[in-house]
């Protein structure tokens, strides 16, 4: 789950990282009021969870109250990469002398978090990593020991940070590590971390991504979720414990397991069809869950056929079959359906479906071919 | 023969009294697995499956009472890390964690601890192990595989079942099937399993099932080209997955130019592995 | 550094361990007021850092305001094992059904903290450990991983704690571990941890000992130090960075290094004398520090001779010699002194002392013999 | 020959620009020790001892620049744990921590980390190492010992010097003197050192200097009776220390019936060790 800049920076601030004074506004007059309070110049920044806000006109500097109000209104009227701007952050503008980068993410291969610093801050850091990897200094953090002072010094030395800033940099590195660890983040970055004309370090922009699996420990943070980034169907899927992603095709898929769901998409394409979605009903799916999944699939008007591919492991096929039948009673649809059930309690499940006159298939290839044919109206 | 589990495995089930725990314990027992104990804190002294399996309050007590040497974990995600620590600390030689949704920070701590103790972990977020005709530790349906000489290793869950089922339908048997799970930080990986299969005299051929995300398949390909002399067939899920979207598994994210299905397929083919277009093709390639 | 019961329990309370409601009183009227506020019966407990408070009459139950005032006054008038009672803790009396023990300390050999529980709480746990060690269940805590839930369950199962208390016990075990870790304690114990008639767990008495070396991280806790337990000379010594313990003899000792200081005491005794003190001036002793040490030694009227035994490592003998001479100018004394200086800059140091007409010795045995003779007036 | 340090040791000094650091660095250099680098964060680029020794910002940088393989630590107690972590992480093979007053909780974490890395630590709160005629890493005065065949190991600081001085005064030389320090949790212990001396062909006799508190001497006695064939003489400080009082060293506390000098002396004598009444007697016993 991605956090907005404003929330990320507030978490950083709680961990002792200096951030610009500022506040969140949902209307232009609110933005003007905040700007007057903190003093000019201010930066007004759209809070949307996509990159390239600046280029889209979503970040502007205001030198006085009138400008603040106008810019805020202009930004709140924007839609950036499909996302409406619902709120702006009004920050005191920093006197930027130097921009550096500081971030942490998990290194899967090393099974450790890795802290990265670069003197080339303020720009697209992935671009830096690709073109000039030597400009990014990395340091693995032992998950049991935490960040050590010498590691922050190695990073500071590695990016040639002037010595007078080492102590401040060290505190920020510690704060970022703590923020990362305490929030169960998978990414926490400050970009840019600026050195001001007055010689202070300041986290001007911040970004955090949280581990969805750990949100049970952070119910306060989960409330900050921006629902705009997800489509309505995806939100409903999450509410029902399903993993759903809408795609462009016409064959709806309901599958248990991520790998098998992707494989089902792959094989539909292999036999000339186009999948309408990725949908993993997960393990231990109840009839209710399956019914919800079916409703979500059928809410897409493009769907011309639905392929159920359930290979029972944790999921019991009899429960799945009951779920399909229950859902069909509620939803009432003419969309043709092809069902393949294999594995735990598969015979009971298939019998239930056959009793209800549904089309079934034995192999995955057969199921995919039948679904492709059905979507083409054959 | 086989790897990791067999008829001598003395299996313990952590979370045995939960809904999934008891369901799959019954399936494992029906399959002939020696399930010697269950653990649910606070329920020590009870018995499950009509008095067949005793429940203990802790793994340590269960081990002392029953000689369990392998643990399979069905506890909810928020308790999974503690369950793995407990199993390792009590001296389990092998831990299989079925639970999905374990936070990655927890797993980094678990791996660190288990590596220190020298304990082997399979999972989490995996279907577990099946040695057809001998034992199963996890949730792989027993009736979809028959004993034989093909070693199967997979990052995916249900996709594994597809492959087992396809093999069985053509009369091809399996030595052991290892579901390693798709989480970003987990226990046993492709290379560990390939090494065991290569050394197992009763495994003649190997099937490797991968998916998009990470670089595990590329690393496996490199290992195969260097050390594996047995024939390997493979399938990689996610050719049509749109980049940047998280497809269920934490691991199945395509970012930038890495983790793509075509890169993995190319690496495997370069290592001499035959890669199937869809999972039911695998038997033909062996 | 030992913490009073009241402070230990407050720290426990901050970490979520249930403690009786109560407060600290320095006068009988204060105690009465607190007792009225929390309700009767109350327990009035002397706050002195010695064992056996109960047997000495330092813990009494009061059923009403008059009793509370009287008992508080009686206790505040006590001196227990040489320590005046300066304050009492007034706690709501618990309805005690069962008493158990829960504690943590460091296991030197294992290099890990060890948590211990026993069903035989409320009594001298060292007695239990000696006579019936099987009644104490132990569990080592990995210093990097911290206490794990299953460990607290193993302890609960080990002491046959009824299952309905496991959850509460687990929270208390975690709280105690956190209190121990966060305070850099070397001992944290709850004895007794009681189960009340209402089925609740309550930390009725608590004790913490902190690592003196880690007090720089806990300046707030250092302020709670009870100076009564230390003699005035020991307090002055600590203020000057010295390690001093008063003993019963007549030969004052100033030595650098704990091992050599003990050896100096041993050899004085070997040659028929009695050491007046243990004093380690530590490493890097400055002239000021040495002067302070000398003043502390001479403040003991029993001292009939002083033996300086300085073997230079970190400590430079020339600085020591200067310190002795500076101190003697300030202190003015007729007590005879024997000085032995060996090691780093020893020749410079000894020259300085010889120039000042002081008695010197080459070997430790010689120094000890001369000091013993001097103390006997020979 | 010798153990742990010799003329090939490439020594790095952490905390080199502090008062004690620079004082003892000068002494070590005067003694002939190859001090190749110093580390003080924030002072990288400076030089000390009239431009003889370069100062670096971190151990990693210093190691890369100078090939240092051993570090001696003089930093204040509150920074000591971090200094040990840094040295271990940068690949030092041997770390000697002179600093006294390191919190015991810090040391438990340090030991755990160093054991994982397989790095040897001597100290903290110790005088360090002296191989007479070759090198010294620490604060043992060089002029109180001469080269020879007696290995000395001690938990005490200045008491060690007494013994070295007494040996020298009788013309007896030392292979290596190891001050292991008296803290409750530290690195190299008596047994580790006895093992090295037993294996060192140029060490013929061993002196072990202990003190009250803990059970290290008793464990050493057991080890000696089993594995040490070379003659061992000993002295134990604290016979007259009153029980229950902390005598400076964290380790020197006598509690209940354990840690007493007489118990240690008895255990050592039972193991065939000659125990001196006072340290200047030791040469006679060898």
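As written, the chains take the letters A, B, C and D, and residue 1 is the first residue of each chain.
Throughout what follows, contacts are C-beta pairs under 8 Å (C-beta built on N, C-alpha and C of every residue); 3 or more make two chains touch, one makes a residue touch a chain.
Small disclaimer: the values here were computed from a predicted structure and weren't measured.
Q: For the chain pairs B-C and A-C, which is connected through the larger number of C-beta pairs in contact?
A: Top pair by contacting C-beta pairs is B-C.
Q: Averaged over CA atoms, how far is the centre of chain B from the centre of chain D? Could you give it in whole Å?
A: Here the centre of chain D sits 49 Å away from the centre of chain B.
Q: Distance between chain B and chain C based on Cα centroids, please, to the nearest Å.
A: From the centre of chain B to the centre of chain C is 54 Å.
Q: I'd like the Å distance between the centres of chain C and chain D, where a centre is the mean of that chain's Cα atoms.
A: Taking the mean C-alpha position of each chain, the two centres sit 28 Å apart.
Q: Which parts of chain B, given as residue numbers and ranges, touch two or more other chains?
A: 109, 113
Q: Listing for chain A: what residues touch at least two other chains?
A: 142, 144-145
Q: Based on which chains are in contact, what kind of graph results: line, ring, star, complete or other?
A: The chain contacts form none of line, ring, star or complete graph.
Q: Please give all chain pairs that are in touch with each other.
A: Those chain pairs which touch are A-B, A-C, A-D, B-C, C-D.
Q: Touching chain D in the complex: which residues of chain A?
A: Those in contact with chain D are residues 142, 145, 148-151, 153-154, 157, 163, 166.
Q: Give every residue of chain D touching chain A within the complex, in rising order.
A: Spelled out, the residues of chain D in touch with chain A are 41-42, 44, 57-61, 79, 82-83, 85-86, 89, 109, 113.
Q: Tell me, which parts of chain C touch chain A in their complex?
A: Within the complex, chain C touches chain A at residues 144-145.
Q: For chain D, which residues are in contact with chain C within the complex?
A: 19-20, 23-24, 27, 77-78, 98, 100-109, 111-113, 127, 139-141, 144, 154-162, 165-166, 182, 184-185, 209, 211-212, 214-215, 235, 237-242, 245-252, 256, 277-280
Q: In their shared complex, at which residues does chain C touch chain D?
A: 106, 108-109, 111-113, 126, 130, 142-144, 181, 184, 186, 211, 213-214, 216-217, 243, 245, 247, 255-263, 265-270, 275, 278, 280, 282-284, 311-314, 316, 342-344, 363-365
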